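The two complexes that follow have chain A in common; it is paired with chain B in the first and with chain C in the second.
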Partner chain A sequence: MNGIASQAPPRPRGMRSLLVQSAWIHRRDRKGFWFVAPFLAAFLIFMLAPLGYAVYTSLYTTRIIGGTVFSGAANYTQTLQSGEFWSGVIRVVIFAAIQIPVMLAIAFFFATIFDLGVAKYGTFFRTVFFIPFAVPAVVGAVMWSFLLEPQFGPFVHFANGIGLHDVNFFSTNLILPSIIVIVIWEWTGYNMLILYTALRSVPRDVIEAAILDDTPLWKIILRVKLPMVRPAIVLLVFINTIGALQLFTEPLILAYFQNQAISINFTPTLYIYNTAIAGQQYNLAAAAAVILGLVIVVISVSSLVFRRRRSEVS
Partner chain B sequence: MNAVTVVSHGRPPEPVAAAEPGRRGRRRRRRDNDNDNFNEIPIEFYGLRRGTVTAITAACGLFAVFTLIPIAWLVINSTKTQANIFESFGFWFDLPFVLGRNFSLLFQNVDGYGVYFQWFGNTALYAVLGGGGATALAAFAGYGFARFNFRSSKVLFYLVIAALLVPITAITLPLYLTYAKVHLINSIWGLVLPSMVSPVGVYLMKVFVEVSVPRELIDAARIDGASEVRIFFRLALPLMVPGLMTVLLLSVVGVWNNYFLPLLIFNQNRLYPLTVGLGLWSERAQNSGNAELFPLVVIGGLVTVVPLIALFLILQRYWRSGLLLGSIAN
Partner chain C sequence: MNVTSLRHRPAPRGPRFTAGRTVAGLAGVAAASLLAAACGTSGPSSSAPPSSSAKASASASASASVLVSCKSSTATKITFWAWVPGIARAVTAFNNSHPSICVTLEDVGAGSPQYVAITDALKAGTGAPDVAEVEFDELPSFEITHDVLNLVPYGANKYKSDFVPWAWQEVSQGSAVYAMPGDAGPMAFYYNSALLAKYHITPPTTYAQFATAAAALKKADPSAYITNFSATDLQWVLSLMAQDNAWPFTYTGGSKVGINWTGAAQTAFANYWQNLINAKEVNGTTDVSATSFADMDKGIDASWLSSAWGPSYFAPDAKATVGDWRAAALPQWTAGANVAANWGGSTYPVFKQSAHPAAAAEFSEWLNATDASWNITKTAPSSLFPTYLPLLNSSSYKDITVPISGSSHPDQAFTAAASSIKGVPWPPFMTEALTQANTVFAGVLDGKTTLLQAFKNFQNVLVSYAKAQGFTVSG
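Presenting the complex of A and B:
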């Protein structure tokens, strides 16, 4: 799209000399800045400035006696050495490593089906699958908490019914899988819709040629369509990774349901929240926020680079 | 109105005619996304075995059940008393049927934690201001980036793209710390103004303008002597409507669902949005012995979800084909 933007605009027809014309374009283009300015101002104030302030705050320490003093990297060292922070980071990385591939596989499966038109009532299903996107994470987590609740929840009754006794979806072992199910429920439809759109833009003649060659359908899907929507998949991996590493709402709400399996530092964002609000250690929380930001940038960008490498090889 | 300008200039009326296909983006003209059966390869050509379509439809049905189960539970249990929510079978109705009573409780200040419909009003206000503001800023900025080459426009645009990388958490806590300094805690602007910053929206609008607002059309209007502001409002904006709807939808949903920032910056329950209020209720119901709040959490959840689902169903044509969402991927 940048190719389009960088092209010189078509010449206005008329007698203008090249010089006058380029001055005219220049002056006109300068006006473009004023279209962008309101957004940039808001962007600066509400995005860049807070980031800068976070870095600034993280370099200071507030003590009960002695007030706020410059403490350099002390907050960073403390966070980096905190086992609770890192166990949270490892947990969300595991979460992302399972949730994202499973979700994208489901999303790709259904996107393919709707693209091929091989299911009945495809339009209806497409609409239904997208509904959870309209459900706030808080409400989604509350609903699933009721459903999975160990004593009264219908899912536990169901597990009993099929012979699985003493299943506790809120236990230490099952809490992460439970959250994975919830997040898959919330986001599959959205991912499916993006993949569906990407699949629609695969040229029809390519598929027709493959069909005429008697290529089996599964091969068309995996060898023709999948590679052609790889950019979309890479982008979704990227977006979902950023989201997954900031996991916050679902574990917080689940923890309300008297859930012992979720510690107050279950995820890095919960760690930041608790350090800031319950612990009142704003400087430390700011340092943790900066570190989490960097971890997310590194992981998401490296996933992008890694993907690109691999796709170049194949 | 612009048609007159364009035609009178002796140009073919094609840009105006293009408005119709342009609604979906020019590139989409070749294939039709809204009509599922148009221009589709007939499924007989895929060489599928008998029963495959049935099996696949069944798989869709299973996933639809998974998708609808929590919502069905919510609908059914919003009609129950507190005791029945826990004791009766979760997926069927039970007497007494107290939907009306549960609903009327949403207007009251139960246990002093706040009034649901006040939160509902707050959420709607925040969503309209924040989502509307985000859409307006994105419309201006997207148009500016797509159709002007001002100095450092590229650098600025890459900066916006880079912002997509920044985790919300890394912004939210600093915002809270900043607000504490400048007395924006418990101010609705503390939530509304940051909600107006939508880098994704700007990116989407730029892409949309590039495919649906022809450069030639803008240049023709310029030669006619129209001012840039007038060109934007009278010429470009009408062509940008489908894109704007998508950005509006996405940003309204974003504000409606936002939890972390309002959780941090509001500590008076009359300012809460629905998410924070419902979160508070479910915490109190579990941990402070206010078990009578459980039916309220359930019906409150339902009333929170219904407007958004309704909005999505009404605006289906803007998202169902993936329209603009898809351009993220291209």
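Presenting the complex of A and C:
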């Protein structure tokens, strides 16, 4: 595939043609506007307006006694000083530090196998591996909860069978590893597909040259292909980190099975949810949500800067 | 179907349910939905023909909402939110006998989801139900925001003598009555008589004897426990604290609230149970769970400090011990005393948003204070335990036998307990308290903290919450 071939030839840059062109663009923009209008309306109503409302809400405090008063940055200082909020942040950082490398390693392994074409029925298995991603997180979490359940769960019976007695996947020590397993199961297929696509776009002549040089296969994979798909891996690391910070569904569902194992501030999003719903402290929750949002913005921007420095995006 | 025989218990709370309830609950809901699907009944359907209400009530054990069609198009329309299985039968009976009022039942979820929906509707100023099921502990949260109607102008006081005094006390504030009391969960010492007899242990009548019995049982059978102490179930712990005169809250409405988890009585309560926990004489699993029921049936837990609704939850899981379970009065802190406790139960307030408060009050009064209604709701699948004296005092109700208890009459202990309960002042922030409790008390179950330390932590959590909410907090 040669991407350049599909581009239009450069236009003459005369003054006249430039004017004509810009007028044409303007006309086109007007029409185009109506095509993007539905999206813009939805974006405004369902993204920007709630965002603005959250910021507005976070500046007030509603109390059972005394009603609503303007409280400025009080909710922000309370959140920033709250051990509950930050212990949840630390937990998801630990979660990300383990889950993301393990998942990317597995995803890269399978992507390589499919890319090599050594597996029979590759297309079929690629689809099978992708299926967990198509399963809604709630359904996946409920399914895993039953699998790991300490009383009737098959995994506990299996652990008993191999001599590990009294294993409780929902205990305070094993709950985070359990969630890591669930999330890896859910997301490996998706990451694998992206890596597979990246591997497919590695120029064949480079690989051929390596083969002609008698490079062993493992070297081709780790020294040639892996560096060439690094932009995809970097992108996935950032996407998954942002996803980890928003970890919510899996612990929420597990809490239905074993509530003691999931504290109300288990993750930052659970803290926000519980503060708003159970505590009726919508203002405090809004401030925490804005802070979490800013953390994610910082990560996203640094991702962009990082990748731009390496000229991986323009 | 097990779900159909369940008595009513406190709703699962917060965004998290109490674990075991959920395993059983999820399975139950799934099973109920399957049954509903298999029977071809559908849940909510605005175009349902009038005859569908009977069918719908049959599937009401699934958490589907049910619409009851009106007898007449001019009838006053009332919306009623509740989650008690089978309560649609009572609604249908009311609509049939009161043609000028038409009650529509909606099930928006058990406990917390429903409270959140009501709170949101109240904030929005529209969309709240006229009448709703609200648990005893949750009612003050709606009183403080002035969202529930005083039912005295609607004739509530003429039913006062029909109810056990503590239940009436918990729905009243000063001279106002903010809801009709519904069902309750009086507690008893529910024990495996065969297991205790095997080791020649007499059922304890005091907590001193209870501790002795706990040690004796541990000595006789190291794998057995006298009972399970579920520290994370705040409602259960609070019930036992109430019995011990160690109630940690004082509240009489308004902006002043007393929170005291660290007083002498509370500390003594915590130390009594911590001693049993330290000696490994009580089990430490989540109550009302598959695990705790399995432990009871395997002879690991010899007893359960249970509510009147407890046995019907345990019954489906009981296999080896069917016929062995007896109910007796709770052990007493003072020998010869007769103090019981309540765990669970609901009230039925009318919300101020209601456009038809008189009709709504009439429905709530009929639902909770008539034989016609109780004759329906006392039966499965609702199986409500009454606070309504005419039923509570009837011998036919007390003398029901169930297979799990052989030829004994367990309800005699539960009905006796119903009239020895002391009403308690619930603070107006129980949703927050119940949610926080799961986190604060979790360490007690796995030995990472002591009950006393958890009480101290909980004191700080609740005091800072109450202060942030503008309350004046005292000890």
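In this section, the second predicted complex is superposed on the first by the 267 of 314 C-alpha atoms of A that agree within 3 Å, B and C clash if a C-alpha of one lies under 4 Å from a C-alpha of the other, contacts with A are read in each partner's own complex, and residues count from 1 in each chain.
Methods note: a residue touches a chain if its C-beta (ideal position, glycine included) is under 8 Å from a C-beta of that chain, and two chains touch if they have at least 3 such contacts.
In this text, all values refer to a predicted model and were calculated from it rather than measured experimentally.
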item	value
Which of chain B and chain C A:159 touches, first, second, both or neither	neither
Touching partner for A:202 - first (chain B), second (chain C), both, neither	neither
Which partner, chain B or chain C, touches more chain A residues	B
Which of chain B and chain C A:42 touches, first, second, both or neither	first
First (chain B), second (chain C), both or neither touched by A:280	second
Contacts of A:74 with chain B and chain C, given as first, second, both or neither	neither
First (chain B), second (chain C), both or neither touched by A:172	second
Which of chain B and chain C A:242 touches, first, second, both or neither	first
Contacts of A:257 with chain B and chain C, given as first, second, both or neither	both
Which of chain B and chain C A:150 touches, first, second, both or neither	second
Doubly contacted chain A residues - partners chain C and chain B	142, 151-152, 252, 256-258, 273, 277
Complex contacts: residues of chain B adjacent to chain A	27, 31, 33, 36-37, 39-41, 43, 45-48, 52-53, 56-57, 59-61, 63-64, 66-71, 73-74, 77, 85-87, 89-91, 137-138, 140-141, 143-151, 153-154, 156, 160, 163, 165-171, 173-178, 193-194, 196-197, 199, 202, 206-207, 210, 215-216, 219, 222-223, 228, 232, 253, 256-257, 259-260, 264, 274-276, 278-279, 282-283, 286-287, 297-298, 301, 304-305, 308-309, 311-313, 316, 319-323, 325-326, 328-330
Contact footprint of chain A on chain C as seen in their complex	14-19, 22-23, 26, 112, 116, 119, 144-145, 232, 255, 286, 290-291, 294, 428-429, 431-432, 434-436, 438-439, 441-442, 445-446, 448, 465, 468-471
Sites on chain A touched by chain B in the complex	1-2, 4-6, 9-10, 12-14, 28-36, 38-40, 42-43, 45-47, 49-51, 53-54, 57, 106, 109-110, 113, 116-123, 125-140, 142-147, 151-154, 157, 185, 188-190, 193-198, 200-201, 204, 207-208, 211, 214, 216-217, 229, 231-232, 235-236, 242, 245-246, 248-249, 252-253, 256-258, 268-269, 272-273, 276-277, 282, 285-286, 289-290, 292-293, 296-297, 300-301
Residue ranges of chain A touching chain C (in the complex, touch as defined)	63-66, 142, 149-152, 170-172, 252, 255-265, 270, 273-274, 277-281
